[in-house]
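Below, each structure is written out as structure tokens.
Below, subunit A partners subunit B and then partners subunit C, in two separate complexes.
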Partner chain A sequence: MEEAQFREYAQRIIDYVVREVIGRPVELAVDTPLVSSGLIDSLALVNILQYLEDVTRMRIPASKVQPKDMDTVALMLATAQRVGKPRK
Partner chain B sequence: MTIHTLTIVGIVLVAWIIAWTFPSVRARQALLLAASYLFYSNWGLGFLSILIASSLLNFILGALLRRRLTSGVLWLGVGLNVVLLGFFKYLPPMTEAIWTTGWQLELARKIIMPVGMSFWTFQGLSYLFDLYREEELDPSLLEFCLYMAFWPVVFAGPVCRLPEMLPQFRKRHVFSWEDISEGSFRLIQGAFMKMFLAAILGAGIVLGQGVTAGFDEVKSGWGGLDIWLLGIGFGFLLFFDFAGYSHIVIGTARLFGIRLPENFNRPFLSTTPSIFWTRWHMSLSSWIRDYVFVPLAAASRNRRWPYAVFVIAMTLFGLWHAAKWTFIAWGTYHGVVLVFHRIGQQVKRKHHVKMPPALGAFLAWAVTFPVVSLGWIFFRANSLSQALSMFRTLFSPTAYTRLSMPLRFYVVVAILVIGYFVYEAASSILATWGALYKAKLSTSAKALPSGVPETNVIGLRLNTGGLFNFFADRFWWWFAPAVAVLAVFVAIATYRQSGSVSVTPFIYTLF
Partner chain C sequence: MKFPEYSSQRRFGTLTEALLAAPQDRPFITDWIDEDEIHTVTFGEFAHAARLRAAAMRKLGVKFGETVILVMPQGIPLMTTFAGAMLLGATPTILAYPSFKVDAAKYKSGLVGVSRNLQANFVIVDDDFPAELVSHVSASESARVVRTSEMSFDLDDSDFVAVTNSPDGLAFIQHSAGTTGLQKGVALTHRSVMTQLEHLAEALAITSEDRIYSWLPLYHDMGLIACFMLPLVYHVPVVMQSPLEWVMRPGTMLELISTYRCTLAWAPNFALQFLARRVRPEDRSRYELSSLRALINCSEPVRAQSMDEFIAAYEPHGLNRNALKSSYAMAENVFGVTQSDITGSPRRIWVDSRQLAQTNVVVPVPSSAQATCFVSSGRCLAGNSVRVVSPNRKDLSDYEVGEIVIHSDSLFDGYFNRPDLSAAVCIDGWYWTGDLGFCAEGDLYVTGRKKDLIIVAGKNIYPQDIEEIVSRHPAIHDGRVVAFGLYNEERGTEDIVVAAELQNGVSADMKEVERNIRDAIVSELDVAPRAVFLKPPAWIVKSTAGKPARSTTREKLLHEHLELA
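Up next is the complex of A and B:
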């Protein structure tokens, strides 16, 4: 993934997490822990995983993803790259 | 605990200490495995052979998965593990429900589930799931068998994961006072919770006037307040029992430098049902989240599908305990509660409901705590009809005019429950003060003008304000003798009542 693309995807995911999941203005960075810090719960994890598929235009099998793979936005994108397959 | 069991525990502890001195990792692992098998064989060689068979089965399936990652091998592994667990855990009660006489019943009664099977089967399953998720795991057969049979957890968890255990099995442990101190404290804390708090809540301050009698001996005629206190009381009884057990196990492992996953984190202070499930039986609830909820919920984009998965996952959680309608009802109840919590969250966000954070947190706790407490009625009731009868009483206004339990029951439950919240509040305030004190001390030391001897100023502050920190950091120095005195008191009191002293088994060893 190129640097510019990474930044764009990361920003979109951060905006989504702040707007749809946390629901209040919070400073988030690409390496802010989300799962381990308790900022997001299991249902939010599922929603973010589905949004990650939309952003990256990949199919990410949930059976291949662990919550620790989704702990930060950077890890989410790395996971998408590792296990994701281009959508048909 | 018999002399035989105590001897085996002694041998295992000695073996562990000897294993510490071995320079070879393999030799140490082999001795630990032998000690673990010796410990487990205390419940019968038949049980041990099933544990070894399950370990070999999962190791072979893991080897197949490592060679080629296919969903077929994964599902074969899941199926075989479920069949093995189902045969011992679910077949006998199902047979008894279908046949009341006959050879089927005789056969089913001969099937006895190996101790801790629900726990180590889930450990085996998590290994297969982790491999399928491309986790880099390369245990040897020796290491995998040790992971499945590791003696502190083989009995009743916490449910461990291989990625956390494998590096620890491979590490050369060095003696550490911090481990000894922390481990001892956890051991004492656990023993106190189990042998004092859980014992008093369960049996009562006078034998037969506790929570257990409230469910087993009072068949009907409870008052509304009785039901509330039985639900709350049993929740605390289970907490003191299982969290006490977890402290003992985690503390024992910590004495030898092994860190096990935590199982409880102040669950009764949770402000939402979903937070509660990140703090109660954490090793199992995170297992259900990681391997059942997330993959299943992400399988569909239908917005209502995750709600169905909440109910499915929590029902499975309940069913994991035993094939009883009460556990299924308890799990389903929590699934439904989680769904209502989500809907409530959405409504709150849609209508921009805002209130001061402290008030909001208090109100959220004031709803969560009773809802969770009522759930324990399903968990503990002897049958579903008893649970439903108790719920009917709960919603009958006339039931609040009578009390059916002895006065000592209300006093004990009230003291222990209020005492727990006072303890939590006090420890939270003290921890905040301690942190503030240390921060101020550090700031003062940095701000000292040149030439002023730093140690004098800090020493003075330590004398005046740091006395608390001294005792707080060495909590177990004074806590241990206090617990010992209390334990002797309880033993004498129990002996005087019943003529014998016995400790009830840990509740979760039944699952």
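Up next is the complex of A and C:
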């Protein structure tokens, strides 16, 4: 994934997490731990994973995603690249 | 074609005998990962893989009679390892695999609790199992944790000779449903499992034309017994996908049933409602559900509204409304206790819920929007008996609500390594389920859990009735509501407390939402809640089955709101 694309995707996911999941203004970086720091609940990850699919236009088999793969926005994007497949 | 033997005599003495006698070329498991990755094995290939795994486990030192914990992702390797352990005469048990959806701290404590009780000598985990979690698998001191890559599969072992299991030997240990960590082990003999399957196959009129669909986890009885052991013994193909995939894309269940022409499936009540509300109407045209002859609503109280919503959504797409069935099942009985009639719809009874709350007796009334509808869970399977008893342990008559107690020829005789828990629920050969219900004309109706019942000034209020009312509010996340009773010393009775999750991104006036919810509860149930808490998305604690966990959520709420104490 190119740098510019990575930044664009990361910003969209950060905006989504702040707006839809946390629901209050929070400073998030691509490497901010989300679940392990208690910022978000693991159950919210289902919606985030669906959004990640929309942003990257990939299909991500949920069964291949481990808890550690979703702890930061950077890890989420790396996971999408590792196990995701182009959407049909 | 019907299997001619199933109703007259047992086909096989043990699960392993049934597996090894299966037609080699018949398809068994189709594991659907996504549109591009689908793995199918025949019974012959499955048995071959199970033999190789049995031989590999034997090389690792697994012995006859030993408990083997399996913590692997749902899929064919987990299933063949499970079967391989049985071929070796060991006792496998499946624990939930870590998922990004489950809180890591809760998962760890659950793993410690459940594995400690098992005291297994061997724990098999897959290569992706997080290293930091290995130390949380609490087994015996000499236990060995093995990764699947350490198992050497040697083709020379394909002639591995399975041990001859005795029908009275242990087959496996399954766990009762519950929040992870509170699950209790149920050790089952081959005879118990085979007896249960025989009754289940008879009630469902299983034929060689059947094909089962499942997204159900294999660490629960519904997934393990109905969707793995039943097809293994009756040589029926299964199409499965992971529970996570289903949660992410619920419509894939209907897609797979349509594509593979599946005839049987099981699902908890919430799944039917989820499918009716979550799958967009414009996406439904690709489904063709006419092959389904039984979609069995099981594992939680059956709600008429959920079934009706599902029928309304999918009858135009080939669903036969009579295909919706119901069943009352539990791990302690291997699986099923009752099953609704395989040829028709489950019976329904409408009652005046205010009167029921006062008298605890069901008086049927004509169906109406104001009446509460109870859906039957069907009649007892052969070999099973049900009684409904009062708090002072007297047998109740038809239409009187009390605790359901069961007896059967596949009933467990106590929780694994937990005689303390067993004594309270296993009395004179009967299992006290803790569920409430009533019988009417041979059918069993389950109304709720005894421990969850809220008693307000002598009125019996079922939390699920409140939860259903609150869920209907458009600002509330459907199904993410918990209601419970809290004793009020001043009033000498229980108060009703409600916690409800708001929909993502909702911008409603919170005071108005709360007022609407209160009004709806008062208007329908004639009781007023003491407190209604509106919580952010994902606040409510869920059980391993994905349902709101009332007792854990209650603890969380009391912890956050000390003013309630």
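Before moving on, here are some points about what is shown:
Here is the rule we go by: the second predicted complex is superposed on the first by the 88 of 88 C-alpha atoms of A that agree within 3 Å, B and C clash if a C-alpha of one lies under 4 Å from a C-alpha of the other, contacts with A are read in each partner's own complex, and residues count from 1 in each chain.
Methods note: contacts are C-beta pairs under 8 Å (C-beta built on N, C-alpha and C of every residue); 3 or more make two chains touch, one makes a residue touch a chain.
What you see is a predicted model, and the numbers here were worked out from it, not measured in a lab.
By the touch criterion defined above, A:V83 reaches subunit B but does not reach subunit C. After overlaying the two complexes on the shared chain, residue contacts for A:Q50 are found with subunit B and with subunit C alike. Residue contacts after overlaying the shared chain place A:R7 against neither subunit B nor subunit C.
With both structures placed on the common chain, the touch criterion links A:P67 to subunit B and to subunit C.
Contact with both subunit B and subunit C is seen for A:S42 once the two complexes are overlaid on the shared chain. Contacts of A:R59 after superposition: subunit C is touched, whereas subunit B is not reached. By the document's definition of touching, of the two partners only subunit C reaches A:V21; subunit B does not. Between subunit B and subunit C, it is C that contacts the larger number of residues in subunit A.
Within subunit A, the residues touching subunit B in one complex and subunit C in the other are 23, 41-43, 45-46, 49-50, 62-63, 65-67. In the complex of the two chains, the subunit B residues touching subunit A come out as 71, 129-130, 132-135, 274-275, 278, 286, 289-290, 293-295, 297-299, 301, 306, 310, 342, 349.
Of all the residues in subunit A, the ones that touch subunit B in their complex are 23, 38, 41-43, 45-46, 49-50, 62-67, 82-83. If you check the complex, the residues on subunit A that touch subunit C are 19-21, 23, 35-36, 40-47, 49-50, 59, 61-63, 65-70, 85, 88.
The touching residues of subunit C, when paired with subunit A in their complex, are 33-37, 73-75, 98-104, 107, 128, 130, 242, 244-245, 247-248, 504-505, 536-539, 542.
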